[in-house]
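Next up: the structures, one after another.
Two complexes come next, and they have one chain in common, chain A, joined by chain B in the first and chain C in the second.
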Partner chain A sequence: MIKFSEGSVVVPGEAVAEGKEYRIGQGFYRVGEKVFASRLGILRIKEEDNFIYLVPLTGVYNPREGDTVIGKIEDFHSLGWRIDLFCPYSAMLMVREVPGYVPAGELDKVFDIGDLVCVKITKVTNNKMIDVSMNGPGLFKLNEGRIIKISSQKIPRVIGKQGSMVNMLKDKTGCKVIVGKNGLIWTKGEPKTEIIVNEAIKMIEDLSHTSGLTDRVAEMLDKKMEEYNKNKG
Partner chain B sequence: MMLKEKFHLLRYLSDGIKSDGVLLDKYRDISYEVNTIKTAEGSCDLKLGNTHVIAGVKFEMGTPYEDTPDEGGIMINVELLPLSSPDYFPGPPTDKAIELSRVIDRGIRESGAVDLKSLCIVEGEQVLTVVVDVCAINDDGNLLDAGALASLIALKNAKIPKIENGKIDYTQLTKDTVKLKELPITITCYKIGEYVFVDPTTYEEKYYDSRLTITTIDDSSIVALQKGGEKAITISDVDKMTDLALTKSKEIRKMIKK
Partner chain C sequence: MVYKKRLDGRKFDELRDIEAKVGVIKNADGSAFFKIGNTHAYASVYGPKKLYTRSMQDPKSGIITCKYNMMPFSGAGGRVRPGGNRRSKEISMVTENVFKDLIDLSEYPNAVVEVYIELPQTDAGSRCCGICAASLALADAGIPMKSLVGAIAVGLVDEKVVVDLTYEEEHYPEFAKDKITSEHVADIPLAFIPGSDKIFLLQMDGVISKKSLIEALEVGKKAADKIFDIQVKALKEKYNVEE
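Presenting the complex of A and B:
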C-alpha cells in the first residue's frame, strides 16, 4: 500500500509504503515491511511493474562518465592539474588531455590556480577517482562571463528535454550559456541580457518541481526581452 | 572565482547597472518589520534585497562616566554570523565587524540622536545604557547601510522597561520610547573605476576601489564620515558622493517616517 500519490513531495524518514510487493529504486530503504524515503524528493510510481523511485530535489553532485562540468583549478602536479568540481571528489586533468602545446614545468602559464575550465568527465573509478579531458568540442577555459551556482539536482530542468530549455535561453537572449552538470552555469553576453538569463535560471530553480516550466520561462523571457529591446532602441 | 570579474563588472557599470540589474543610484527593495523579537525591548527585522539583518535593543542599568554624571550610555555591537556568508567564521569579531559597529555607533552618537540626558535615573549614580545588537542573517552586500538603518528603526521603536527600586523589570514595558532628536541616515557610496554608486551586492564589494560612508541628519548636515578601500578619492568624488548620499538619505528618511 502506497500512502502517497504520484508526484508528491516526500521528506527523509517518511514511511512511504508498506508491503513487500513493491520494488524500490534510489532514494528509498526498507525496514521490515515498511519503505522509508532517505532523501527529499518527488515520489514516482510505475504501477505496471510495482516500482517506486524518487527524483531528488537536493543533494550533492554525483560524477558520471560523459558529463560536461565546470571546474576550478585547485593545484598542479608534474603531469597535470587537480580540479575542484564542487562535489566531494576532485578530478585530475592530465597534460595530454589538453589540446595545444603545454611547455614542461610551466603548467601555470596554461591554467593558473583559480581559473575556471569547462571539461568532460572521461572516467570515474569505483573509489571515485575522476579523470577529465578538454579534448572535444565546446570544452575550453572560461575567461570572461558570469558564473551562477545552483543545486546540481536541478540541472536537468535547466537543460530540459534534449536541451530544449537551455537552447531557448540561448536563442531568446543571444547569450552564450554553458551548463555544467555539477551545478555551475556560465553565461556571457550583454550585461542586461545576462541578468535576464540569471533571473530565468533562478526561476527554473525555484519552480523545478512544477510542470509546464518551459512555457512559463518562455513567456517571462519574451516579456523581459521586449522591455530590453524597447529601452535599447 | 577568477573570471576577470572586475573587468566584467566594469561592463555592467558602464551600462548603468549593478550586477543585480539595479540602476547605479538606486537601492534594492527595503522592507522591514518592527518588534519581532519578544525578548528585546525593541527590534527591527530588515531586508534589503537579499541582505537580511536583525537589530535588537536592550536596556541595562549602569553607572555613568565621571565627566558626564547625568548622561546614559549607548553601545552598538555588530555580529557577522557564520551562517550569513561563506566568508565569515566563528570566533572573535573580525576587522569588518569592528568597523561596522564603530561606523554605525558613530553615526548615532555624533548626530546626538539619542537624548542621553533622558536616560539618567539618579544623577551620578544610576543611568540606563542602551545596547543595540545587530546580527547579519544573510549578507548580500551593503551590510553597513542595512545595519545602520535597522538599528535606527529598532531604537525608534524601543520601549523603556519599568524601573523599580533601581532595578529593571524586563517583564513590564512602559509606553515611553527612547527620545530621538534626529534621524541619522547612513549611506555608503562606492567607487569602481570612474563609476560612483550606492548599495553594492557582494559581487561589487569584492572589487571596489574606494568607499565613503556619509551619515546625514534632517537638516542635511553631515555628522559622520568613514573612508574605506585601497585607492584614494578626489575632492570632486567627495562632492559627487555627498550629493548622492543626501538625495538617497532624504528618500530613506521619508520611508521610515511614514
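Presenting the complex of A and C:
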C-alpha cells in the first residue's frame, strides 16, 4: 500500500509504503515491511511493475558517463588540464582528448586558467576520478556569451521531454544555448535576448516542481520577445 | 510541595511554541530556521564539497563537520565572549555524532559536509534546537539520510517529570514560588528518530531516579514525534504542497 500519490513531495524518514510487493529504487530504504524515503524529493510510481523511485529536488551534481558539462580550467598538469566541474570532484582533460595541435609545455596557449570549456564525461571511477574529452560535436571553448548557474537537479526541466524546452528557448529567441548537466547554462545571441533566456531559466528553476511549465514559459517568452522587437524596430 | 503548576503555565507534557522554516539562507546549499519558545537557531549546510584538510580526507566515505555558535548577545545574562569555548566545542561534537550515523555519505568519498548552527537568542534547550534546525537544513541540502531527527530536553523538576525545560526551570530552586521538597533538577537533552526507539543523543545534568528516567524517555519520545510532524510540514511548505 502506497501512502502518497504520484508526484507528491516526500521527506527523509517518512513511511512511504508498506508491503513487500514493491520494488524500490533510488532514494528509498526498507525496514521490515515498511519503505522509508531517504532524501527530499518527488515520489514516482510505475504501476505496471510495482516500482517506486524518487526524483531528488535538491543536491549537488553527481557526475555520470556520457554527460555534457561546462567546466572551468583550474590547473595545468604535464599531460593536460584539471577542470572544476562545480561539484565535489574535479575532472582531468588530457591533451590527446583535445582536437588540434597543442604545443608541448605551452598548455596555457590553448586553455588558460579561468577559461570555460564544454566537455563530455568519458569515464567516472568508483573513487570519483573523472576523465573528460573534447572530441565530438558541440564541444568547444566558450569564448563569448553569458553563463548562468542553477541547481543541477533542475536541469531535466530546462531540457524538457526530448529537449522540448531548450529547443523552444532557442527557437523563440534565436540564441545559442548549451545546457551542462552540472547546472551551468551558456547562452549566446543578442545581449538583450540573452537576458530574456536567463530570465526564463530562472523561472523554470523556481517553478520546476509544478506541471504545465512549457506553456507558461512560452507565454512569458512571447510577451518579452514582442516587447523586444517593438523597441528594436 | 511537589511541582504542581509550571512557571510559565504550560502542561507538563506541553512544548513551547515551535516555528520552523526551510531555505532561509540564500547562499547555503541547505538552510533552516528553528524556534522553540525563546530559543532561536539558524542552521546552514554547505556541500558535499572538496575537503582541503587532506589529512582529514576519508577515501571510503565523506565526513561531516558541525559548528555550534552562540552569538555574543544571545544569552539571558551578560555578553558571551565571541569565538569558541569548551561548551561550544562539546556541543559541536555531540551534534556531529548525532548526524554521523544518520546521514550516508558513502557516495561522496573525500568530501565534506559542513553544518553551521548560529543562535541569535537562547533560553534553554539550545543544543536540541540546533539539532532540529540542522536536520532540516541537511534534508534541504539533499543529503541522503535515514530520517529527520527530533531533539528535545526532558527533565525532573521538584520530583515531577517535565518536557522542554526553560531557563527558570533548569534553575528551579532559585526561581521557585513555593517551598520546594527537592533541591535536585535533572535536565536530559534527547534526540530520537521518529517512530523508533533509536536514541541519537542522551546527555544528563543533575540527579534522577531510574523510574523517573524511564518515564522521562517515554515523554521525550512522544515530544520528538510532535517535532517531526512540524519539520515535515516546514519542508513541504517550501514546495507549496498542502496536506
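Keep this in mind: the second predicted complex is superposed on the first by the 233 of 233 C-alpha atoms of A that agree within 3 Å, B and C clash if a C-alpha of one lies under 4 Å from a C-alpha of the other, contacts with A are read in each partner's own complex, and residues count from 1 in each chain.
Following the convention adopted for this analysis, contacts are C-beta pairs under 8 Å (C-beta built on N, C-alpha and C of every residue); 3 or more make two chains touch, one makes a residue touch a chain.
Keep in mind it's a predicted model, so treat the numbers as computed, not measured.
Of the two partner chains placed around the shared chain by superposition, chain B is the only one that A:L142 touches, whereas chain C remains out of contact.
Contact with neither chain B nor chain C is seen for A:R216 once the two complexes are overlaid on the shared chain. When the shared chain is aligned, chain C comes close enough to touch A:Y29, but chain B does not.
Judged by the number of chain A residues each one touches, C leads among chain B and chain C. By the touch criterion stated above, A:L57 is placed in contact with chain C alone, chain B being left untouched. Looking at the shared chain after the overlay, A:L40 reaches chain C, while chain B stays out of its contact range. Looking at the shared chain after the overlay, A:K176 reaches neither chain B nor chain C. Legend: residue contacts after superposition of the two complexes on their common chain; A:S8 is shown touching chain C, with no touch to chain B.
Counting contacts as defined above, no chain A residue meets chain B in one complex and chain C in the other. Across the complex, chain C is touched by residues 8-9, 11-15, 27, 29, 36, 38-41, 56-60, 62, 88-90, 127-128, 153, 209 of chain A.
For chain C in complex with chain A, the touching residues are 29-30, 47-50, 59, 62, 104, 107-111, 139-148, 193-195, 228, 231-232, 235-236, 239, 241. Only residues 1-4, 7-8, 11-12, 15, 17, 19-21 of chain B touch chain A when the two sit together in their complex. Contacts from chain A toward chain B in the complex involve residues 72, 112, 114-116, 142-147, 190-192, 195, 199.
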